[in-house]
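One structure is given here, and the rest of the page talks about it.
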Amino acid sequence: MPAPSDPSDPADGELAGSVTVLAAASLTEVFDDLAASFEAEHPGVDVVVSVGGSGALAEQILAGAPADVFAAANETAMATVAEAGLAPEATVFATNTLELVVPAGNPGGVAGLADLGRPELAIALCDETVPCGAASVELLALAGVTAAPDTLETDVKAVLTKVLLGEADAGLVYRTDVRAADAAVVGIEIAEASQVVNRYPIAALAEAPNPDAAQAFVAFVLSAAGRAALAEAGFGVP
Amino acid sequence: MSDRTTGRGGAPNPAGGLDPGLVARIEAHRGDVDLRLEITATPGLPVALVGPNGAGKSTTLAVLAGAHPLDAGRIALGGRVLAGDGVDLPPERRGIGLVFQDYVLFGHLTVRDNIGFAERVKRGRPAGRAAAEPWLERFGLTALADRLPAELSGGQAQRVALARALAAEPRLLLLDEPMAALDVEVRAEVRTELGELLRGLPIPTVIVTHSRADVEALGDEVIVVEAGEATQRGSVAELRAHPATPYVTRLFATPPE
Amino acid sequence: MSRNRASQQRARRALPAVVLAGAGLALALLILPLVALVVRAPWDRVAEIVGGDVVGPALALSLGTAALSTVVSLALGVPLAVVLARSHAWPVVPRRLLRAAVTIPLVLPPVVGGIALLLLLGRRGVIGAWLAEVGIGIPYTTGAVVIAQVFVAMPFLVFAVEGALLSADRRTELAAATLGASRAQVFRLVTLPLVGPGVAAGAVLCFARALGEFGATITFAGSLPGVTRTLPIASYLALQSDPDAAIVLALVLLAVALAVILALRDRWMPGVRA
């Protein structure tokens, strides 16, 4: 039996084995799609996408997790990995902006950012220690709104879940999350949102167990096909 | 019910006069055992139930104490019906003392509190402790009063179990294999003392055993129980002289300890 | 004292090497991560982080809610354990159903438990919608934290108490009854003390589990400092931005849990004598 990365593997002249991608939670759906497309192009490769909070993922990499690619939801998380010399070449591959999200039917009658200050509504935001929360704080400051949150969640998907279940009348999430959640929730665009842009860097990791496949996957994300998929999901593409 | 309190003062020496004692006709079943047994017992003449394992001896005690239901029959004690005739008193209202084979003392209570338990449930903890004093003295347990059961020898634990049961001033005392948990070296002495104690009690006593030595020392009347039924009744001498079943023959063929 | 002699002899007999090796590995698996936590802790920053504005409110909230959850679990869990212990005499189907109901929170991912609680008690929940009508909202409150903790932690107490009840000698209750004790007296004076160590052990387990509760709490109750953000949630959030702080928070949690377990052991188990 040939080793997984045996370059003479007849099924694929170039790439084989598995490639582990650590991706920010907000990339869940689009990276699942990208992984499937990449696997279709390289039948010998098995892409494993592991999603989580960007900070937690960065910690895993620093602790020596055997990962090949890191895609973060902000540049801070990537910076901690780069400082340790583990992400030599990071490239911004997508941007994202915030959107108000309300349950279908908008029971709280939410119209704009200012409604996040209404104490009678149940408001879910990201905690400011996670990227979507930092962006939310910046956006609210920009708009001059003092929010009255009932919960500060640990990641953006948790905010979306609260709104999906109708347990929150409004929340701030990435517009891509609203797109992915479909009809169960309604997104409300905010004028100031375009000024608070989250930049998503991606890097093949220095200690990748499968460096060739790692480079190829990063290149694929940055390719025309990758950009199209990201744009389709609602990301800005630089 | 009215006779329940008569003659039952604070002293460990109740009732006088003619006590009809225990008059029981028991029909019950438990597991494989179908029990059909008549027992009578009067004060001063301990009755020994002897028989092979699984014959129904322990079930008999459980039925008498109210821990196992009577299917048919009648249990009367001192003229009062405890079970049967539409009556089925719970254990706490039967006035029957029970000494278990391994004593089953309350492990979290001291010797004094074990003995005072019956008084405590009636009149509170201080009363219970006070009531325990004469019993501690009578059973030579005063020095051990503050120990926990785990800190007692087998013989000491047996004395506590007896004192605890008698302190409740029962109208009948049941003992299940009273010697079985004791070290062999002390059995003979304890058995002699127990025999004196039981014969001096003003209440009937029933002892379950499968040991020849117990039967000879403690059984003024002997009932042989086999497969749930009495196969022979009489004194030790009668049984020894005319064993009615192979079991009885074997029993008296075993060497004394 | 023949019983004591036997147990001493048992203790002196050497255990097979395979048992010792397994036990050693198991212990290493349990202890080494905690050792690493202590070794890698940023000791120079401990004072600063513990003195900061994150630890205090989160610790107070965690201690308060875990204590309340333990009290609620005792009040509801002990009766449930009594029923569970009696259920051994029941027909197979109801007996298994009851046992499964108590087991489910142990095997369910806590986050799923949190979702289930939302679906029951949330604003659109089966009962919660009705409560919302009369103006009672449960999610996002400290009460929701307690409910989530009870859901996750009570089974530990129930099984511990059930075990104690099953291993308790029922004849002790009969002995008490023959001495004239009523049913209530038997329960109070004999049954409870008999299962006391089991109840105490269950309460400690329950408290420890409630103290560490994360998934069901954040899903059902949310995460707001001083209201619903318990120490585990604060620790997880700190991991996103300041891993040092996360380690220190974890140490605080560990220290508290150890302190409580040791304190309760001495206090509640007088029967265990040196």
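Note that the chains take the letters A, B and C in the order they are written out, and that residue 1 is the start of every chain.
By our rule, a contact is a pair of C-beta atoms (placed from the backbone, for glycine too) under 8 Å apart; a residue touches a chain by one contact, two chains touch by 3 or more.
Please read these numbers as outputs of a predicted model, since none were measured by experiment.
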item: Starting at chain B, fewest touch steps before arriving at chain C; value: 1
item: Farthest chain (mean CA position) relative to chain A; value: B
item: Distance between chain centroids, defined by C-alpha means - chain B, chain C (Å); value: 45
item: Chain A-chain C separation of Cα centroids, rounded to whole Å; value: 36
item: Inter-centroid spacing, chain B versus chain A (mean Cα positions, whole Å); value: 79
item: Two or more partner chains touched - positions in chain B; value: none
item: Residues on chain A engaged by chain C in the complex (per definition of touch); value: 53-56, 59, 122, 124, 127, 129-130, 149-154, 158, 161-162, 165-167
item: Interfacial residue positions of chain B with respect to chain C in the complex; value: 65-67, 90-92, 94, 96-98, 100, 104-109, 117-118, 120-122, 150, 153-154, 164-165, 168, 170, 183
item: Complex interface listing, chain C residues touching chain B; value: 1-2, 4, 169, 171-172, 174-182, 185, 189-190, 193-194, 196, 271
item: For the chain C and chain A complex, residues of the former touching the latter; value: 115, 118-119, 122-124, 137, 139-140, 218-219, 221-225, 228-229, 233, 236-243
